[in-house]
Every structure is written in C-alpha cells, then in structure tokens.
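Both complexes shown next keep subunit A, but they swap its partner, so subunit B is in the first and subunit C is in the second.
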Partner chain A sequence: MEKEVVLEVKNLKTHFISNKGTAKAVDGIDFVLRKGETLGIVGESGCGKSMTSLSILRLIPSPPGKIVDGQVLLKGQDLVKMSDEELRKIRGNRISMIFQEPMTSLNPVIPVGEQIAEALRLHQGLSKKQAWDRSVEMIGLVGIPSPEKRAKQEPFQLSGGMRQRIMIAMALACTPEVLIADEPTTALDVTIQAQILEIMKDLQKKIGMGIIFITHDLGVVAEMCDQVGVMYAGQIVEHQEAKNLFNNPLHPYTQGLIGSLPKLYEDQEELQIIEGTVPSPYDYPEGCRFAERCPFAQDICIQKQPNLIQFDENSKVRCWKYSDEWQDSLAKEVVAP
Partner chain B sequence: MFLFILKRLVQIVPVILGVTLVVFLIMQMVPGDPAVIMAGEGASKETINELREDLGLNRPLHEQYLSYIGNVFQGDLGNSLKNNQPVMDEIMVRLPITMELAFFSIMITIVLGLIAGIISAVRPYSFSDISVMVVALIGISLPSFWLGLLLMYVFSVKLQWLPVAGWDSTAHIILPAITLGAGGAAIVARMTRSSMLEVVGQDYIRTAKAKGLKGHVIIYKHALRNALIPVITVVGLQFGSLLGGTVLVESVFAINGIGRMIVDSIRTRDIPMVQGGVLVASLVFVFVNLLVDVMYRVFNKRIDLN
Partner chain C sequence: MSNVFQEKSPLLQVSELKQHFELKKEVIFQPKQVVKAVDGIDFDLYPGETLSIVGESGCGKSTTGRSILRLDEPTSGDVLFKGQSLLQMNKKELRSIRGNIQVIFQDPYASLNPRRTIRQMLEEAMAIQKVLPPNKREARMLELMNHVGLRPEYLERYPHEFSGGQRQRIGIARALAVNPEIIICDEAVSALDVSIQAQILNLLKKLQKEFDLTFLFISHDLSVVRHISDRVMVMYLGKVVEIADKSSLFNKPMHPYTKALLSAIPVIDETKRGERIILKGDVPSPLNPPTGCRFHTRCPFATERCSQEEPLLRELSATHSVACHFAEELFTS
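Coming up: the complex of A and B.
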C-alpha cells in the first residue's frame, strides 16, 4: 500500500528577472513526497536544486526571484497562492528547513536555546518555561552533551557539527510533516557528516516526517533516500527509486554522474568526466538541455525538448531515447546521408 | 571585564598629560598676553609686570607646566586669571549644564537616527526610504550654528512656542538639543540603514523567516541587534563631535556651559580656564568611549575585551 502524500509539487517555475534577462532557475519541477519517505534531489551546482527547495516555502530572494507558475500542495493546500500570514504559520511548523551553512545560519547574538524556543512559543503556544525545557530536550535529542549548558550559549561557542545539530533541533522542534534539508552536511567533515545523517534518519523514524534532501553527493543519496530526482538545468531529468538509480541509471546525464564516481574494485587510471558545461539559465537551448553534452544526441534532441516520460512503474526520464519517436529518428539518420 | 575597565582607567593618565600639554603649548603660541588683557587698556608697564609676576607668567615654560600638572593630579585646576576664582568651582557649576545638553542631544541622535534608519531599511528604495535619506543628507550638511539660528527664528521668534535662549526650564533644552543632535541623528540613520540592509541579507535572517517568525520579530529581534554593532561605534564617535559642537550651540543659545566657558576664556587668554575646560571635556570623552566598548561586549559576546 502506498503511503499518504504530504507534499506535491506540480510544474513549479521560479524565474529570476533582471536587466540581464530572465534566468529560469527552476523550470517546471514535479515531484511527490510521501509520509516518512526521503526524496533526494541531486544535481550539480547551479542546476536549481536549492532554488527549488527555497521556492517551496517562498523564501527565494524577491525581487528578482519570482514563482511564475505551478503549485506546491501541502496535503492539498497550495502554498504558492496562500497569503503571507497563512504561509508564516506553516513555516517552521508544518514544513521546516535546514540550510547548507551551519556557520552563518544561526543568529550570532542570540543563545541557541532561545533560537529553538521562539518557534515553539510561536507555533505551539508554549509558555516561556515550557518552550525552554522543550528546547533543551531537543538539543539533547540531537546528541549534544550537557544540553542545559549548551542551550544558553551563543553560536560562536559551538563547533560546526554542533551548530548543524542545533539547526536540526530547531527544524524538528515543532514536529513538522516535511523537512527540507538543503545540503545539510556539505560544510561538515566526513565523520560529522555521518553522525548528522544518522540523527536525521533516527528522528525521521520517531516523527515520521517526509524529508526532501537536496545534495550533490551521490554517496549521501545512497545512504539516505528512498526516491531520487536528478536535476539538470532547472528540470528533473530522471526520477527513480534510489536503490535502482545506481544499477540502472536511465538518463545519459545520470549515467555520466554515476560513471564519474570512483570505483573501489576497478582499476581506473582516470575518472570519467562529462564533457562540456551546463547551459546558462538565461539562454537554454530549444531542444534537450543536455543534448550538447550527450554522447547519444540525435537531431531530434537538438530540435525538440523531451517530456518527462514514464519509463516503468517507479521511474520517469526526460530523454528522447526512451520515446517512440527515437526509432524513427534513428531510421532517418541512416537514410539521410 | 573588570580588568579591562581598570586598564582603561589607568590609560586616563597619559590622556591628561597629552591634553594639558597640547592646550598649554597652543595657548602659549596664541598672540596676546593675558597680563596685558587683564590689566586693561592704558595700564602702565609696571602694573602689567607686577601682574605677570603675581600670575607666575614670567617663569620658564616647563616650570609653569610642571607646577600646573602637579596641581591637576591633586585635583586643583588653578585659579582663573580673570577673577582669581578656582577653575574647579566654575567647572562644577557649568559641567552639569553641558552634560544635560549633551545627554538630550545624544538621545535625539540615537532615537531619531535609529527610527529613521529602520524606516529606511525596512523598505529600501521606497518613497519613505528616499524621503528619510534626503532629510538625513540635509541634516548632515547643515552647519549646527545655522540650524540653531533657523530653529530659533521659526520656533521662538515666529511661532513663539519655545524660549529663544538661556537655560532655565525644560523648554529651554529642546532647541539646543535638536540643533546639536540633528547632524548625529542623520549619520546614525544612514549607518543604521546600511547596516540593517547588510544584515537582512544574511543567512540567519533567512533561517528566521523559515521559522515562520513575524516580520517585526525578524526586524527587531534578529536583525537590529546585529545591525547595532557598527552603529554603536558611530554613536561613540558622534559623542566626541557633539562635545565639540557644544561650543557653538552654547554660544548661539547663550547657555553657560563648559563650551561657552572655553570660548570666552580663549578670548581673554585665561589659560587655566581653557585648560580646565578642555581637560574635563576630554575626560568625558574618554569615559564615553569606555562605555561604548563595554556596550560592544553587551551586544556581541564574541568580542573579547581583554
């Protein structure tokens, strides 16, 4: 039986409008997040994954950013159309976020316990004392020793790993239905990274929230995620179950990404690379956005943009190779000379 | 913290030496002999010489300075050359007046400056922002003596709402305090605006928004406290120029404060009075700077004072 859908994003488009033109940072994203599941969104820098996550809670810098189309449905309620006041009650309460930079994401002059407690007072109507006690409890829950003492300290007195734990405690204090984690471990060293991921998985089991996990690290995806969306140039190019992604990548871009990982049991002289660079969001090509770098590209790829097509029950891919038109295109190629 | 304050208090000694020495030397270089001025026009040479002898003005310079500084450390600022009254007594009468003026002026600087800066920063490039910044620019550009005369003309002469000059009631404080505080308020407003705009773009403000906090909580609790740190520096510096400004404003509004005392004493070459006045003003400035440093620490625990 399929689990309940908590968050559904439909055709989300976030554009940045400036003198330079329109940058289509997020250009038609669809995904579904189910209760207790983790959806990974992977892609290289600048592919729009962070902007997707910020768009969900409408936290994109605006102007110049603007959500121009689409829906973000939290159990059917559209966050895009909601008033600021209604949305404010959802932020930090039903949907919360953890950011990439634990060093700068906490307010430097407010004790960390208070930074957690204020959301509790606001959303859960707890008294000052109750909120503080709960805040201390949360700090203990994310594995920080002597939480009573730490709660009174300011961020500069804590290490990077501890600050990120505080961010997690803050995000989970109100037991949200959705947690958006935007590269939460990127700025941390590997041992701390593993601890943080462990804590997140553990608390997910306790609270049962859905997690959207933004990362560029395929290793972390394998560790954390149930479903994976691979983003390229503002779009999702492949959607797979995480366990299948590594064995059976569909999109040539995903294949390239996985091919570029170092392999433990093979003797490799050099790592495989994907030739070329990501197209500018101001000026995407007419056809497939990956065509220029794709080893399989045909005429049709350059002429027309592919749709995200259902490959099998659990996977989708945005590539002409898996379409009915592909064989025709190949046939033409042979006849054409 | 305690050690820090103690260290700073010890540093007052060289400040006293430096200030008195500089003022002493400048007063020596200024043309005009105090004895001649005191004796009045048409006084005989003998009278002048006698006077000079009495005042110790014929002793070598270093002797004059050393005996003065020795007395200063015993709390004796000497006697006025004009009326032979102790300088300390005169200062004790006038200092509270100047301090009162300075206090209300710096309050205007802080309160007006912060409010204007926040209004500007909340909606940058809006009509309210641009109007506030234009007024601030005018505030910085106006010389205080001119602003004082203008205010006096409008509110005292034309509207007759407030007294023209003097220092008898609360109403007397208003115009001089505005005159003296306006320039500082303009500078604080501009500093607050730019500091707030910088802070609002920080990651932790995004975190505060993601937490669902209300707009005013984000501004006052999360942004302002961080934005205030550079503003405190500016207020501290502003207090220095404000003390200098009392000289002008007290003259314009005929207030018998330290500033006016210094001006009058320079005119009559009353060296002990000038030195005493400048010394007291310097000490006030040193204390205010100490206060500013302590405030830093209160607002930002990352700053280690030692």
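Coming up: the complex of A and C.
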C-alpha cells in the first residue's frame, strides 16, 4: 500500500529577473513526498536545489526572485497562492526547515530553550511553562546531555554539532508533516555528521514526518533517502529509488557524477571526469542542458529538449537515450552517407 | 614490505614540532590560556610520495602545514629540508627555500591577487625566485598554462573571470612556476564540486608523475585521501594517532579513532558499509585537552590507564605506527 502524499510539487518555476536577464534557477520541478519518507535532492553548486527548497516555503528573496509558475500542494492546499498570513501558520509548524549553518538561523542573544519555546507558544498556543517544558524535552530528544542546563545557554556556548541539534529540536518541536533539510550536515565533521544523521532517522520514525533532504553528498543520500531526484541546471534529470540509483544510474550526468567520486573502498588510478562546466542559468541551450558535456550526445540532444519520461515503474529520466526517437536518430545517422 | 619511497633519504624531516598559540586575556590577571594546536609531532616526507594528513576540524592538520613553511612561527621542534633546518634560517634564506616548497590553499580566490592578471602573477613568482632569465619566461608561462589545462589567452585575464576549478588550476600553475620539489596542498579540492574535484585530482596526479613532485596533502575527506596518497597520517587534537601506508591504514586501521572516522563516512555501496561506530560527544577543546590519551573521553575502549598515561607513537611494522596502548589487543584477531 502506498503511503499518504503529504507534499506535491508540480511544475515549479522560480526565476530571477534582473538587468542581466532572467536566470531560470528552478525550471519546472515535479515531485511527490510521502509520509515518513525521505526524498533526496542532489546536485552540484548552482543546480537549483536550494532554490527549490526555499521556493516551497516562499522564502526566496523577492524581488529579484519570483515563482513564475507551478503549484506546491501541502495535502492539497496550494502554498503558492496562499496569503502571507496563512503561510506564516504553516512555516515552522506544518513545514519546517533546517539549514547548513545553524549560527545564522539562531538568535545569538536569546537562550536556545526560549527560542524553541517561542515557536511552541506561537503555533501550538502552549502556556509559557508548558512551552518551556516541551522545549527541554525536545533538547533531550535530540541527544544533548543535561537538557535543562543547555536550554538556558545561548548559541555561542554550544558546539557546532549541538547547535545543529538545537535546530533540529526547534524544527521538530511542532511535529511538522514535512521537514526540509538543506545541507544540514555539510559544515560538520564526519563523526558529528554520523550522530546527526542517526538522530534524524530516529526522530523520523517517532514523528513520521516526510523529509526533503538537500545535499551535494551522494554518500549521505545513499544512507538517508528512499527516493532521489538528481538536479542539473534547474531541472530534475533523474528520479529513482535511492537503492537503485547507485547500481543503475540512468542519466549520463548521474553516471558521470558517481564516476567522479573517489571511492573509499577501492583503488583507482584515475577518476572519471565530466568535461566542461555547467551552463549559465541566464542562457540555457535550446536542447538538452547537459548535451555539450554528454559523451552520448546526438543531433537530437542539441536540437530538442528532452522531457522527464517514465523509465520503469519507479524511475524517471530526462534523456533522449531512453526515448523512442533515439533509435530513429541513430538509424538516420547510419543511413546518412 | 616497506614503502618504495622510504628507500631514499627523506626530503623533509619534522621532529617534535609544537605550535602553541597564546590567547588574548579577556580579563586582567586571568591566567594565560594556551591553545596547543600542534603538540609534538614527528614525521618524514620522502621524495616522490604523497603523504596525507587527515583529521577533523581543530586537529592541527592545517597548522602543521603552515608551521613547516613558517607562515606561523613554530613554538619548538625542528623542520629539516634536505638536512637544513628551516627554523634556523634567516628571512633571506627562507625566501629562497620557499621556491622549493610551495603551497596551494582551499580557497584559490583568497590567495590570488584580484588586481593582477594571471601573467603578472606568474611573472612575479618567477622573478622573486629567479627561476629563469626574463626572456625565457614567456615560453615557460605558455608551457605552464598548457600543463594545468588552461588556454594560453587566459594569461591576460583577472581571477574573477574564472570559475572555482579554473582558479585552482591557476593556483597550481603559480606553485609550479618556481619549480618546487614539495607542494603542500591545504584542503586544495575541498571547496570544489565532485566533478571538478575529480578533474583537479587527476591533474595533480599527472603533474606529480611529470615533475617528480612530493605532496603533503592536507584534507578532511578520507575518500579523496585514499585516492591520492601513498601514506596517511591521522591527527587528533594536535597529536599524531596513526601513520601508515595507505592500504594498511584503510584495510586494517589500528587506532580506535581511525576506525571510527572511517566508519562514519557515508558510502554509496551498501555492501561496503561496515558497522558504524558512533562516537559520543564532541572533540574536546584544545585549550584544555584531556589528560593521558587525548581520545580517551570519546573512545569506546578506554580504560583507567588511558586517562592517565599518554600513549606514544610506536611502530607496529616498518610502515605502520600507532599511538594506542591497546592497539594489538583490540584489532588483531
């Protein structure tokens, strides 16, 4: 039985309009997040993964940014069309977010326990005392020793790993339906990262929220996610179950990305590389956005943009190689003198 | 089997190196606070090899690199380059020796002068180290650009016109311009996306072969380290906890910290995923490191002895040394 859909993003487009032109940071994203599932969004710098996550809660700087098309449905309610006031009731309550650098998201002069309690008072209407108790409970839940003492401390008195735990405690205090985690462990050391990932998995089991996990680290994706969307130049180029993605990557970009990763348990003389660089979001090519770096590119790839097509039941790919037209285009080439 | 590189005499010998930083007093009469960033480390670097230093933030890996070049003046100890002590040199001697030891940093943008073209930067480096007579420098610059995979016309451009990966190539070209023997790479690929990182790693390996370079490669990323190194040194809170050739370190780590560090790395291949050792707590402050073994506060195997007696780095085999009282008991089975 399929689990209940909590969040559905349809054809989301976020563009940045400036005197340099229009940057299509997010250019037609679709995905579905189910209850208790983790959806990973991976890609390299500038692919639009963070802009996608910010667009969901309409947190993009506007102007110059603007959601020009699409829907973000939280159990059927469209967040894109919602008034600011309605949206405020959702942010931090039904959908919450954690970022890479906790220090910039925490108020530096307010004890961390109070910052968590504030959200509880606002969204859940708890009394001051109730909110504080719940806040201390949450701090304990994310594995910080002596939570009563820590709750009274200010962010600078905590280590980086502890601050990220506080962020998680704050994000989960109102038992949200969706947690958006944008590179939550990127600034942390690996041993601390391992602790944080463990806690996130643990709390997901307890609370049952869906997680959108944004990262550039394929190893983290493999360990955390059920589904993965690979982004390139503002679009999802491949969508698969995480357990299949690494054994059977479909899109040439995903294949290149996995190949260029140094392996921890294998000796390699030379790493596979992806030639060239990412195209500018101001000026995407007409055809496939990966075509000029792609080792398989044919004429059709340069002329026409591929759609995200269903490859099999659980995977989708945006590549001409898997379409019916591909055989025709190859055949043509053989025939041509 | 001993390492092939170790048959030659070492290029760089670091002994008892200490780098302590005194903190500014916040209150008058406050007792002196000292951060022991690097606290007595020894290692040799052999010609042609890549030795990596790994560890988490604050373990002293970058400070070690900086002390060798005397970018920070070390507190005590010695660094010998081909038998000559770098720490005893005067400024002029040091400047000439720095031609032999170059460094590449994490953020190439911060280490390139934004108001100079690539040509001016390469020319300046060659002029300071007097590597070639001026009339031969033009040809050398074109050659360098070719070696690092940049187009010759880029010589006239400024750093802001390049992408991150290209800037790192410029950093490499500048380091190569003075014909160094050793290049210290301080988190040289950490800021790059994986596909660009792969390009730079391949380039470094290629250049090492072509020019017989010796690398001291400082990184927190163990997968990268595995790819590029011949030997690996693991640091924790200013101390070396383990040093070994690559294959024994990755296949048979003998220090509980190395073991935990390796197990903490997320890997994409499920079948290679071993049992994860989750370390408790955070790295203690280097202002007030634990007594005895510095790792004992987080070590799952710590005993009474570990909190009192500091383990010394001892040889288990010709290519593997470890600083743990119980290494054999724990990991030989």
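To be clear about the criterion, the second predicted complex is superposed on the first by the 332 of 337 C-alpha atoms of A that agree within 3 Å, B and C clash if a C-alpha of one lies under 4 Å from a C-alpha of the other, contacts with A are read in each partner's own complex, and residues count from 1 in each chain.
The definition used in the following text is that a contact is a pair of C-beta atoms (placed from the backbone, for glycine too) under 8 Å apart; a residue touches a chain by one contact, two chains touch by 3 or more.
Values in this document were obtained by computation on a predicted structure and should not be read as measured data.
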- Who touches more of subunit A, subunit B or subunit C? C
- Could you tell me if A:G92 is touching subunit B, subunit C, both of them or neither one (first, second, both, neither)? first
- Message: Quick check for you: in the superposed arrangement, does A:M162 touch first (subunit B), second (subunit C), both or neither?
- Response: second
- Query: Regarding the shared-chain residue A:G21, is it in contact with subunit B (first), subunit C (second), both, or neither?
  - Reply: neither
- Message: After the superposition on A, what does A:L57 contact: first (subunit B), second (subunit C), both or neither?
- Response: first
- Message: If I apply the document's touch criterion, which positions on subunit A are contacted by subunit B in one structure and by subunit C in the other?
- Response: none
- Note on the structure: Residue positions on subunit A within touch of subunit B in the complex are 57, 59, 88-93, 96-97, 99, 101, 104-110, 118-119, 122-123, 154, 156, 167, 170
- subunit A contact footprint on subunit C (complex, rising order): 56-57, 163, 165, 193-199, 201-202, 205, 220, 222-224, 226-227, 250, 260-270, 272-273, 276, 278-279, 282-283
- Mind pulling up the subunit A residues that touch subunit C in the complex? 44-45, 159, 161-162, 189-195, 197-198, 216-224, 243, 246, 256-265, 267-268, 270-274, 277
- Query: Where on subunit B does subunit A make contact in their complex?
  - Reply: 202-204, 206-214, 217, 221-222, 225-226, 299-302
